[in-house]
Amino acid sequence: MHKGRIEAFSDGVIAILITIMVLELHVPKSPHVGALRPLVPVFLSYLLSFVFLGIYWNNHHHLLQAAPHINGAALWANLHLLFWLSLFPFTTAWMGENHFDKVPVSIYGVVSLLAAIAYYVLQRVLGVDVGRDIKGLVSPALYAAAIPLSFVNRWIGLALYVTVALIWLIPDRRLEKQFA
Amino acid sequence: MHKGRIEAFSDGVIAILITIMVLELHVPKSPHVGALRPLVPVFLSYLLSFVFLGIYWNNHHHLLQAAPHINGAALWANLHLLFWLSLFPFTTAWMGENHFDKVPVSIYGVVSLLAAIAYYVLQRVLGVDVGRDIKGLVSPALYAAAIPLSFVNRWIGLALYVTVALIWLIPDRRLEKQFA
Amino acid sequence: MHKGRIEAFSDGVIAILITIMVLELHVPKSPHVGALRPLVPVFLSYLLSFVFLGIYWNNHHHLLQAAPHINGAALWANLHLLFWLSLFPFTTAWMGENHFDKVPVSIYGVVSLLAAIAYYVLQRVLGVDVGRDIKGLVSPALYAAAIPLSFVNRWIGLALYVTVALIWLIPDRRLEKQFA
Amino acid sequence: MHKGRIEAFSDGVIAILITIMVLELHVPKSPHVGALRPLVPVFLSYLLSFVFLGIYWNNHHHLLQAAPHINGAALWANLHLLFWLSLFPFTTAWMGENHFDKVPVSIYGVVSLLAAIAYYVLQRVLGVDVGRDIKGLVSPALYAAAIPLSFVNRWIGLALYVTVALIWLIPDRRLEKQFA
């Protein structure tokens, strides 16, 4: 089984997810600058998820290159990851359109956590030795913390999501080294 | 005629179908957890169809790899399959939004049956020897049974669809063996 | 310049066009069979355009394989074709939702004609010798005839579109021979 | 890291962006020709953005081919470009639906400028020597000029956008030469 098609399919799904998220930026009927103001939270929510999906695409790219082989279980582990990622447009829009209310912020963490777990499972199924994967352990822990803490204060939840994004924006040197 | 482009096109269509299905999870205006409750049947319907389209993508992947050659008829047999698959977002949303009412559940079976027949035709056109294809015979039989039985009790229809999904979640060893 | 990327991009656009057309099959709020009846013309219109876009994908596939080389002009000739194809979801939905009224049926022919001309231009730019291209000449002629004749009787226009579809459903032996 | 996947992903995103823009051509309920008139500005706005995204796809194609290597920073520089491009459907629709009002016309320039800057950054990160890149310097200058001038007269802004489009429609000989 060749990697090309699993890559192409995953790229297709992630590319579409990124792009349909932008459809939630509903076009205002008014041509005034003020008509953009209610869109600011939707835009920020979109920006956050764009970065997350970019990170997943990026890491997925490295992961598949590092994978020694792909079997039937890997195809399903990959689809499992794509399933949770496919819920990002929903949680992103719900969070943005409700101005980062505590419930949608918390649910955003639930889906992020499930996607992170699915990514971990995919790594294991692919047989990739991720060594002492600090980032891979910290991220789900931060998501798990954000789920209840968003009810205490929604800004805590959001701060945790931004923290995860910043952690991952630094390219994954571990896997890059593995190639070199 | 090379297989790469028929694979890429099919992947593209299936990736888009999977992703636009999620658009039917309409974002609630309210930020309360209770606002998610009416979405539960839509979500479950999406989950079922995500698994079905994942199965098709998976099997399609194996099928094309096993195909000795691709001719003009195969391109059309493939488009025929994609046509029926393209109706999944419609039947999925109709079933979910009407809380699995008997009529949409039955129609879901009609489209599933037509897609299964199209897949069978594609196998034949590609000249792939599928041997004693138990799954390939049982699936359309279960769909055909679900169409009338959904009118008796919609849960029978749904149980049959879930049964088909479970049957196929086990990777297709026949074709995998054929390579090895 | 390699052909792979122009193929991939065109496949992507055509795959998305085919798939977003199906979004015009608006999900009925009622679970009754009768709720499907108003969708019949939308469905038939979708079916017609699915076949047309399938034909374009199919022929485009052969055309690029036959192309001796691809230059900058070819990239633009290809985008020009994709532009007219991108209007198919609009004309398809307008025609279907207005039950094949004469004006949308005629406009459907206008866009089809412009797409056919764009395909012809692409062939020329690619330097593909299409020989005595009977189909390639008959199709735009039938579209051109359908534009005014749809005002006489809309069924004439539709009959002409179906005729073009049937003509092209037969695989393009000319180009296939050219390879062999 | 191979170029193929960054190309495929970018192609996917651009193909989807081009195609979802056309969804803003809302299908009229009336079958009369007059129902198309309010769509004219939306159509023209779509046409402009189709050309711009076509130019980006085209130049991106050449750019990646000229790139000596791709590193982690390039993946992010590419995602940064795709982010600004992803806002084109929004600015395009806002401008079209408000009949090219001065504010949306100006905002269209803001997003265009940010995309142009992102493209410049990508070129630098990829290590491509773009020589005396006249077009690459003139385009953002024209966008920057259009942002305030659209408030003076919206037609000035639009004229500047059309000018940029025309400048780029001529294929990029610099990079083409670099290959030959």
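When the chains are written out, they are named A, B, C and D in that same order, and each has its own residue count from 1.
Going forward, a residue touches a chain if its C-beta (ideal position, glycine included) is under 8 Å from a C-beta of that chain, and two chains touch if they have at least 3 such contacts.
Remember, it's a predicted structure, so these values are computed and weren't measured experimentally.
**Student:** Work out which chains are contact partners of both chain B and chain C.
**Tutor:** Expected: no chain.
**Student:** Touching chain C and chain D alike: which chains?
**Tutor:** Per touch definition, common to chain C and chain D: zero chains.
**Student:** Would you kindly state whether over half or under half of the residue numbers at the chain A/chain B interface are used by both copies, giving same or different?
**Tutor:** different
**Student:** How far is the middle of chain B from the middle of chain D, if each middle is the mean of its Cα atoms, in Å?
**Tutor:** Here the centre of chain D sits 37 Å away from the centre of chain B.
**Student:** Please work out the Cα centroid separation of chain A and chain D, and write it as a whole number of Å.
**Tutor:** Roughly 26 Å separates the two chain centres.
**Student:** Give me the residue numbers in chain D that touch at least two other chains, ranges are fine.
**Tutor:** Only 8, 12, 16, 20, 23 qualify.
**Student:** Report the topology of the inter-chain touch graph, choosing from line, ring, star, complete and other.
**Tutor:** Ring.
**Student:** Applying the document's contact rule, which stretches of chain A touch chain B when the two form their complex?
**Tutor:** Result: residues 1, 5, 8-9, 12-13, 16-17, 20, 23-24, 71-73, 75-76, 79, 82-83, 86-87, 89-90, 93-94, 97-98, 101-104, 107 of chain A touch chain B.
**Student:** Please name which positions on chain D make contact with chain C in the complex.
**Tutor:** Answer in residue numbers: 7-8, 11-12, 14-16, 18-20, 22-23, 25, 27-33, 36, 47, 50, 54, 57-58, 61, 65, 169, 171-172, 176, 179.
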